[in-house]
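Sharing a structure with you now.
Order of writing sets the chain letters: A, B, C, D, E and F. Residues in each chain are counted from 1.
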Amino acid sequence: MELTNENVLGKLIAQFGEENIRDAYNPDGIMTFTTNRENIIALIQYLYDDKDLQVQFLTTMAGIHFPDHKGMELCMMYQLHSLRHNFRLRIKVFTPAEDPILPTLTNIYATANWMEREAYDFYGFIFTGHPNLIRILNIEEMEYHPMLKQYPLEDQTREDKIDTYFGR
Amino acid sequence: MATDNKTADTDQLQEFRDNRDLKLQDKKNENLTTLNLGPTHPATHGIFQNILQMDGEVIMDAVPTIGYIHRAFEKIAERRPFYQITPLTDRMNYCSSPINNMGYHMTVEKLLGIEIPKRAQYIRVIMMELARISDHLICNSILGVDSGAFTGFLYVMQEREHIYDIYEEVCGARLTTNMGRIGGMERDLSPKALHLIGEFLKRFPKVWAEFEKMLTRNRIFIDRTVGVGAISAERALNYGFTGPNLRATGVDYDVRVMNPYSSYEDFEFEIPVGEKGDTYDRFLVRNEEVWQSLKIIEQAYKNLPEGSYHADAPHYYLPPKQEVYTSMEALIYHFKIVMGEIDAPKGEVYHSVEGGNGELGFYLISDGGRTPYRLHFRRPCFIYYQAYTEMIKGGQLADAILTLSSLNVIAGELDA
Amino acid sequence: MTLSERMYLPAIAQGLGITLKHFFKKKATINYPEETRSRSEIWRGLHVLKRDENGAERCTACGLCAVACPAEAITMTAGERKKGEEHLYREEKYAVTYEINMLRCIFCGLCEEACPKAAIFLQDDKLAPARYERDEFIYGKDRLVEPLKTTETK
Amino acid sequence: MVEAPEGHSGAGFFATSFEKVIGLARANSLWPLPFATSCCGIEFMATMGSTYDISRFGSERPSFSPRQADILLVMGTIAKKMGPVVKQVYEQMAEPRWVVAVGACATSGGIFDSYSVLQGIDRVVPVDVYVPGCPPRPEQILDGLMRVQDLAKNESLRRRHSPEYQALLASYNIK
Amino acid sequence: MTESLFFFFASLTLLCAVMVVISKNPVYSVIFLILTFFTISAHYILLNAQFLAAVNIIVYAGAIMVLFLFVLMFINTGKNMEDTMKKNVLAKIAGTVAGGLLFTVVVAALKDVTLGHPDPATFNSQVGMVENLGKVLFTKYMLPFQLVAVLFLVSMVGAVMIGKREAGEQNF
Amino acid sequence: MDSVVLIYKGIYILAIFGISLLIATYSTYFERKIAAFIQDRVGPNRAGPMGLLQPLADAGKLFFKEEFIPAKANKTLFILGPGIAMLVAAMSSAVIPFGDTLILGETSFDLIAIDVNIGILYIFGVVSLGVYGLMIGGWASNNKFSLLGAIRAASQNISYELAMGLSLIAVLMLSGSLSLKVIAEQQAGFNWNIWYQPLGFLIFLICAFAETNRTPFDLPESEAELIGGYHTEYSSMKLGMYLFAEYINIFVVSAVMATLYFGAYNFPFMENLRNAFDDPVLGNNVVTILGVVVMFAKIFAFIFFFMWVRWTLPRFRYDQLMKLGWNILIPLAILNILLTGGGILLYEYFTKG
């Protein structure tokens, strides 16, 4: 079967229902859609197991923060790849900022382990069932999740900079 | 689904920590010694730590810690205009910075919808393959150093100097090249650069053949590497391996072939694959890739098309200096581009290139501002380094070190 | 492994042969302080603030270089040119102070590219030298502006 | 053995020329501890390579054990997570010891003006020589090494016991 | 000259031997034991038995004691062990009995010792040389020599059997 | 022994000691130079003319570096370690014949410090003690890398001593003597043992590499794995003594190899040369002095070989090293003994019977 964005989407909607596969579009040729956290693991497992699709490679996971997107501030992006069919797709899951809880993907993809730790480190996502959810890149004592938009980039102790010309 | 507890951030974290401590206590066997490999161990090229549980010289368990040179690339990228991110990407995989530069440029070009002329694409291919050679060169010769053969390293390092000479002629720097611009190259290949590339193509095969001769069939080296740090294709895919490390397990996944970019479809080359996914296979795959890269450079060098070296995109590509000094229109564009006042289109782009270590992906979200809204790097090192623990278990200390060098983990890319 | 590879010695002898060949080869070393390796003409070395043909400073303190600098290493204050200073400054505005923090600087060349007046250049024949104190790396105009004698532009 | 015998300090010519000789010896035998974390480490490889050949200065024996090293070459970004490690390595080094901060990141943080990067290693250990560049050319690294040689040549044997030096260390909370 | 050397080495031997027993740190004990072997070798040299002296050093100091030290390095210097030993009554009794036995043996052995002097007329100063030793071993003492060799072989095989690793067990 | 000979002997012993120290010192220089030349570099050239003062600079620096004893280390043993290493290394050159008999006026004088009839056993014994320096130092440092290095050193040295001893036995069967002097004399002219014992020499050579902890057997101090191995915690001159001891060992082992297999001070046509002189005393002395030169040339050739190999080969892994020692070298050495024995029997059968 030739995999196209349309027929894969149709297949997924048929499997999981219209309400769970939403907002599908192709920004850069890669099919992108949104699902919710109840279905994400089942969806990825389905994509993994399905004989026609064989989406068996997790390319990357990335957290995104939309502070203006009230109620759905945090977004987790999963990008998957079917090496057999050279077909990529991108799945997004939104969660509220005060409740950033997602199920872990480590049972399907071993590589999700550190990606999830990174997402926890950067955005504060909590992955239930993750074997070792601690900060990965920053020091354990850090008190905030630095990639959230409200936190400044700079080290506040820097002295040798004059801000006149930068306007940042 | 865990929607019941509001936010158990601290509680859950505490729980995780307790669990981890318990696990560590279980492992605290009287007969095991704990060895702290890193963060400043000589064989960790770059900085990461592994706490090893050893039974004599055999590694029973390892706990990796990374983040010792975490530099917050992704955060910085959110605060910098598009063109200022190029120097950042240089410093990610510093062994092959042109690939990072150009991968990033292609991502932005995809977002902006710019078409790049053939000549610029060919120049990019030459530079990217040179970068791949210099990356593999370091990796394989460092493998030699860690197994005790220092001399081969210095032989190929001399060739790397010549690659740097070419970079220097193209962009004016050796390592952190900041090469190319969004929309093409910064400048055309100078005659001297072309000459240097030609020289390199003539001289390098001999040096590389000599290096191979020193190690490839030496029994001491074979004994040290065969079967060491092996990983099966299935596990490797599950761990998200890409690039030479995946190909050593026998999977012929290569972004250059699967999703060709920058005219890679014009060139003829093979994807070398290994069988067992051990250190020796990784060594051979990288060796062979160097030969293939040479082949690609040769083709690109011979068939270098005429034409412009940058896209005709006045909104994004800086006008030539001479025009800036004389023409008002060019000056205005110049100001706008440098001040970052030209809005990028809204959108979401993923683009990947075959980096020195595998699929180097850039996931870019633009909200139309002067900076990316979110720029996520898919860093191959970060993704596959977590398999290291599994790969060294049951092996000896010396094996662990060779496995580490043959994986070619670049700390800058690992920690980002 | 073939039998001869199994025996260790042939491969070892081959390796020894290669290293012995190099023993008598011409050495690749460049004796640095005495000899220097030639650098490309577009090498991005130490900055210089150029003067024009008449010896007036080209910089007009537009601040583009500071904005373009990813390391934020450039600071300047602009001033209005007064009457009688035309031979000193080419444009009506000029940089009263212009400082580059050479420790911050990553020599990426974006400032040179951003300059609309061809005022700042990264020269290929000079490198930022190593020094003992931190303060010595704030290069002010006294060290950046090209001396008056050599006015021809590169 | 570090302390020169008591009689020498007052004995004019002999003592000074003796110090000169030892200074010369030290200057020509600076064993580096390459604390290479990132890009500058790759340039240090080039410095060790045949073209630049750091061995001409007698410094080609990299001693990864801090006890045996004379100069700590910090090359590359030092994150806040790494800061204590740098300090520990410095503390483990035996006198006389010098620190060279190589490259923009180690000297000042460079472009990584972010929450996780230490803005210059002189916040944790005293630095003797700064080498600018990102990364510096091997020539510049050699230049930095020669600056250290100058320091070593002109340093009195007992400088390391001087109150100024002790105060410097104390200001960094070392020992 | 020879006599004073003898007394010097003899007292040194005894001193070192005592130190082996009373050193608290087992590594020191091993080092003193090595010194003891050295002084004993010195005695052999005084007796013109150079071969024995050399073999004594090669085999005992050079190989066996290295293994001793090797094992000791793995074991923590054993402070707890010392404490338990001191408190254990059984150990004390065993020590007393063993010491008493040793004393008895020494007394019994020394009971009818007569200090003999070699007859200068028949004394062959070359008796300890390698050639003579070899000749004696392969002629007069042929059978015991071969038996000892077989015994060693058997014990070696035994040691290998005991030390052989079980399948799945990892040692180095 | 009259007093003149005693004085000569004293001078000679001092000279040998001085020469071995000097050679060890300059071995570091040559090591660096040879490494540099092999690697297309020029090596140290800024300390003195051609960098000739480099070893002095290193020594000067090491002497005046801070003495450092780690807090958790065992202080006595920590200091004892390098001392033993150095002492043992320096002791072993005593029985090596560096030349034939020199006739000075009335007295004839052998160029050997002590001519004991068990010379080879003496060397063997002393070398086997060298490992204590490494072990004690590595253990006393109280550092895991050092301990691992010490353990590797101990097991490696014991294992390779066996093969070394067995390979020697074949030589002893040929010569029928344990005295190095006698062995040297038997190889007069071009009658070197290497022609009869190529296999034995190969085994001995490999074991020599292992005993001196040189690549490809430098596991106790392998940089990539153990940082510095047993000397990780050592600074200043204590480190210097370890490094020194290693080079003295190389020197001694080279001398032993030259003596046992390459005819010591003997060189082809030495008899012709001796007879070419009218004055027998002068002839003898010229040949003897030439012999000393030849001996040292052989030693230097071996030292060069050691360094050449070091900068060419990768190193073994621990278990492979053990396998090579026990499974390959020892059986080969026993085979060599059998072959030699058979050869001797056949020779005697055909010549005498």
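Basically, a residue touches a chain if its C-beta (ideal position, glycine included) is under 8 Å from a C-beta of that chain, and two chains touch if they have at least 3 such contacts.
These are the chains along with the protein names UniProt gives them: D = NADH-quinone oxidoreductase subunit B.
Everything numeric in this text was worked out from a predicted model, so none of it was measured.
Q: If you check the contacts of subunit C and subunit F, which chains show up for both?
A: In this structure, the chains that contact subunit F and also subunit C are B, D.
Q: With chain centres set to the mean of the C-alpha atoms, which chain is at the far end from subunit F?
A: A
Q: At what distance in angstrom does the C-alpha mean of subunit E lie from that of subunit B?
A: 62
Q: Just how far, in Å, is the C-alpha centre of subunit D from the one of subunit B?
A: It comes to 31 Å between the two C-alpha centres.
Q: Roughly how many whole angstrom separate the Cα centroids of subunit E and subunit F?
A: From the centre of subunit E to the centre of subunit F is 29 Å.
Q: Tell me, which residues of subunit A touch at least two other chains?
A: 137-139, 146, 153, 160-161
Q: Mark out which residues of subunit F touch at least two other chains, giving numbers and ranges.
A: Expected reply: 35, 38-42, 45, 223, 227, 311-313, 318-319.
Q: I need the residues of subunit C touching at least two other chains; which ones are they?
A: Touching at least two other chains: 12, 15, 18-19, 22, 27-29, 31, 67, 70, 72, 101, 104, 106-108.
Q: Quick check on the complex: what are the subunit D residues that touch subunit B?
A: Subunit D reaches subunit B through residues 35-39, 41-43, 45-46, 48-51, 62, 64, 76-79, 81-82, 85, 89, 111-117, 134-135, 137.
Q: Can you check the complex and tell me which residues of subunit C touch subunit B?
A: Touching subunit B: residues 1, 5-8, 11-12, 14-15, 18-19, 22, 28, 39-40, 42-44, 64, 67-68, 70, 106-110, 113-114, 116-118, 122, 124 of subunit C.
Q: Which part of subunit E faces subunit F closely enough to touch in the complex?
A: Of all residues in subunit E, those touching subunit F are 25, 27, 31, 34, 50-51, 54-55, 57-58, 61-63, 66-67, 69-70, 73, 129-130, 172.
Q: Can you list the subunit A residues touching subunit B in their complex?
A: 27-28, 30, 32, 37-38, 56-60, 62, 64-65, 77, 79, 83, 86, 88, 90, 98-101, 103, 109-111, 113-115, 118, 122, 124, 126, 128, 130, 132-139, 146-147, 149, 153, 168
Q: Quick check on the complex: what are the subunit B residues that touch subunit C?
A: For this pair, the touching residues of subunit B are 80, 83-84, 86-88, 151, 155, 158, 165, 168-169, 171-173, 176, 178, 186-187, 192, 210, 213-214, 217-220, 222, 318, 321, 324-325, 331, 334-335, 338-340.
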